[in-house]
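What follows is a set of structures to go through.
Each of the next two complexes has chain A plus one other chain: chain B in the first, chain C in the second.
Up next, the complex of A and B:
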């Protein structure tokens, strides 16, 4: 049983423990001095499209100003007041040498969407958001996947000459763009003059995985890697993970919301469809961590 | 053999955009479940559905469906129409429900 469940070394959790916060965080950050006014906080947030700012003195984090604080101050007409009147002083910081797993639990434990990161002397060195984690893990995952392939002898460098690799970011609930990545992939495959059945199967796998990312995950990545022998489609996300993978593979089982169902999805056909069109299919998921799916379709194997 | 052009002659079915109307229709598939369409619709078929949104266009394009008939009088937003035009997919709106629409198309395909 469970022949589609990953048994090799690719473990999301290991990645989460193996990376340090400082490898992942944003170092180039905006901060506010203690004497700054709320209107300055507003300007910085707006101009740089960010949603939170640490208030800092002598590299120490004394508070955080969020978009919400700015809105509240705006409503009360208090934009001339100093940020110290409005900032939250109850700031949770993370240490840069902690493993990424600490950041994970902090995001689960606290309602904040960003944490200032400090060094051993408690000086601010960066900020970490979920986006940082997402990008870092995806990078790590794709390099591990490549290594895995390499070690299994599946990938010969020369084959990549006519190959193609691309990673698409898929956002949660973004059905408006649903199918864009798949459409592009289909176009590329058609241009390569691959057999229609191969193109169709790859399109089905791509589309279902793309919709799954939008409907069920907090957002993730869809990767495509083509060489002369096979098309590999991999999807990875960072949550919430599938509680029961066996159930998710059953045709007709779905956890989709009414809204997703009303769009014509969520009938429990997605993953079974992907498996059906794949020559090789792996899924690895951990509740609270994330899900990875890999579909391989051979080109000359019809 | 019927062409997309022929569908607009049917009483109760209106055409919503005019691209590639000369394309042949080789069959039809009726479903409101896009994953089902994805898995089972044959290339060249016209899709009969009530799902009048962007994802329907995406699925039709991926499956090589040249036309879509939105049933029960559903209309398409300009966004949907634009997307369909870009993909070269002809859209129709049918006054009838999916069953009745399927019967009409079925008869045409038989002849």
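Up next, the complex of A and C:
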């Protein structure tokens, strides 16, 4: 237990530079024609639970309509007006062949929550959001971890009959919902009739990581991957990153605000607690880029 | 010791209970204002004494299988706390006493068994 690894093979930067935007982006996207009205934009956003739409002519992106634009138009009773009256014309697009690191830079540089992606002929081919990046990094890291396990001979008899994988989006400062994902995961683990100590350790790791995402990151993803041999919990965010990981692993060290402390958190025990309940633990963080944490708990290792 | 006996002997206020407190046994007590401390407590049949009144207090209690929460210093449980407690089946109890006084009272009760 408590095998604390800073593993070179899991370096965040390598993952970021190794992926292209087109490997990560959403390809099935909704767009608006120039002649569309604001009420149509509203319908598409609402029906598909999305927050932004590119306005397109001949596959070229001419503008973006956001949920804010729709709310503003709604307040002014302008839903019959064309989207061209309300769209942002200063649209930043990303090329699909760019490294994912360009998307990181774009999200840091611009206030946008999504970027249209274009091909070499400047035709729209997709959209990229934080969620795309987080999901891709979790998947990539998960497969790397599987390779590591396989190479160490640990995965030979692993059955996936009772397997379960899920990724949860955790929003910054969302303490109203903070802990819901962990509660659901705990319930799933109990339903699988895993040993109580395993369920408890996994639930604690999930909860501490979930609260860390809400309290310390700009939002991120919490992933759970279960097979018959182990529970793997992953957390991934896109910032702000930890300046000094060694310090963050010290019991009692915390950068939490008074507000977060007033809720009973910020004792500087979050990451040390995750490490304590894990059989394998690794963390990698880059200041200004993001943080990834992996916790593995073996099911028959009690 | 049964939770119902603790409530009866101490005169605590019951803010929420999922049902019969007769069937809830308490064998250990944690007094804390830090949820990370609670998360590391692996005692069974645990009673939590705290003055924290956040929703996360109940969520943390759910993660660690806490059997009941006593909220001290005359604080009351808000709607959010009660909803989560309802989902998780964790009784919420209140007292005017401080954490220390509450722990003393319950400590004496358990000692007298």
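Please note the rule applied: the second predicted complex is superposed on the first by the 202 of 302 C-alpha atoms of A that agree within 3 Å, B and C clash if a C-alpha of one lies under 4 Å from a C-alpha of the other, contacts with A are read in each partner's own complex, and residues count from 1 in each chain.
Throughout what follows, a residue touches a chain if its C-beta (ideal position, glycine included) is under 8 Å from a C-beta of that chain, and two chains touch if they have at least 3 such contacts.
Keep in mind it's a predicted model, so treat the numbers as computed, not measured.
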{"item": "Touched partner set for A:186, first chain B, second chain C, both or neither", "value": "both"}
{"item": "Touching partner for A:207 - first (chain B), second (chain C), both, neither", "value": "both"}
{"item": "Partner chain in contact with A:23 - chain B first, chain C second, else both or neither", "value": "neither"}
{"item": "Which superposed partner A:270 touches (first chain B, second chain C, both, neither)", "value": "both"}
{"item": "First (chain B), second (chain C), both or neither touched by A:178", "value": "both"}
{"item": "Residues on chain A lying within both footprints (that of chain B and that of chain C)", "value": "175-176, 178-180, 182-183, 186, 200, 203-204, 207-208, 211, 263-265, 267, 269-270, 273, 276"}
{"item": "Chain A-facing residues of chain B, complex", "value": "32-36, 38-39, 43, 49, 51, 53-59, 61-64, 87"}
{"item": "Parts of chain A lying in touch with chain B, wherever the complex brings them together", "value": "175-176, 178-180, 182-183, 186, 196, 200, 203-204, 207-208, 211, 263-265, 267, 269-270, 273, 276"}
{"item": "Complex contact set, residues of chain A against chain C", "value": "175-176, 178-180, 182-183, 186, 197, 200, 203-204, 207-208, 211, 263-265, 267, 269-270, 273, 276"}
{"item": "Chain A-facing residues of chain C, complex", "value": "33-37, 39-40, 42, 50, 52, 54-57, 59-60, 62-65, 80, 88"}
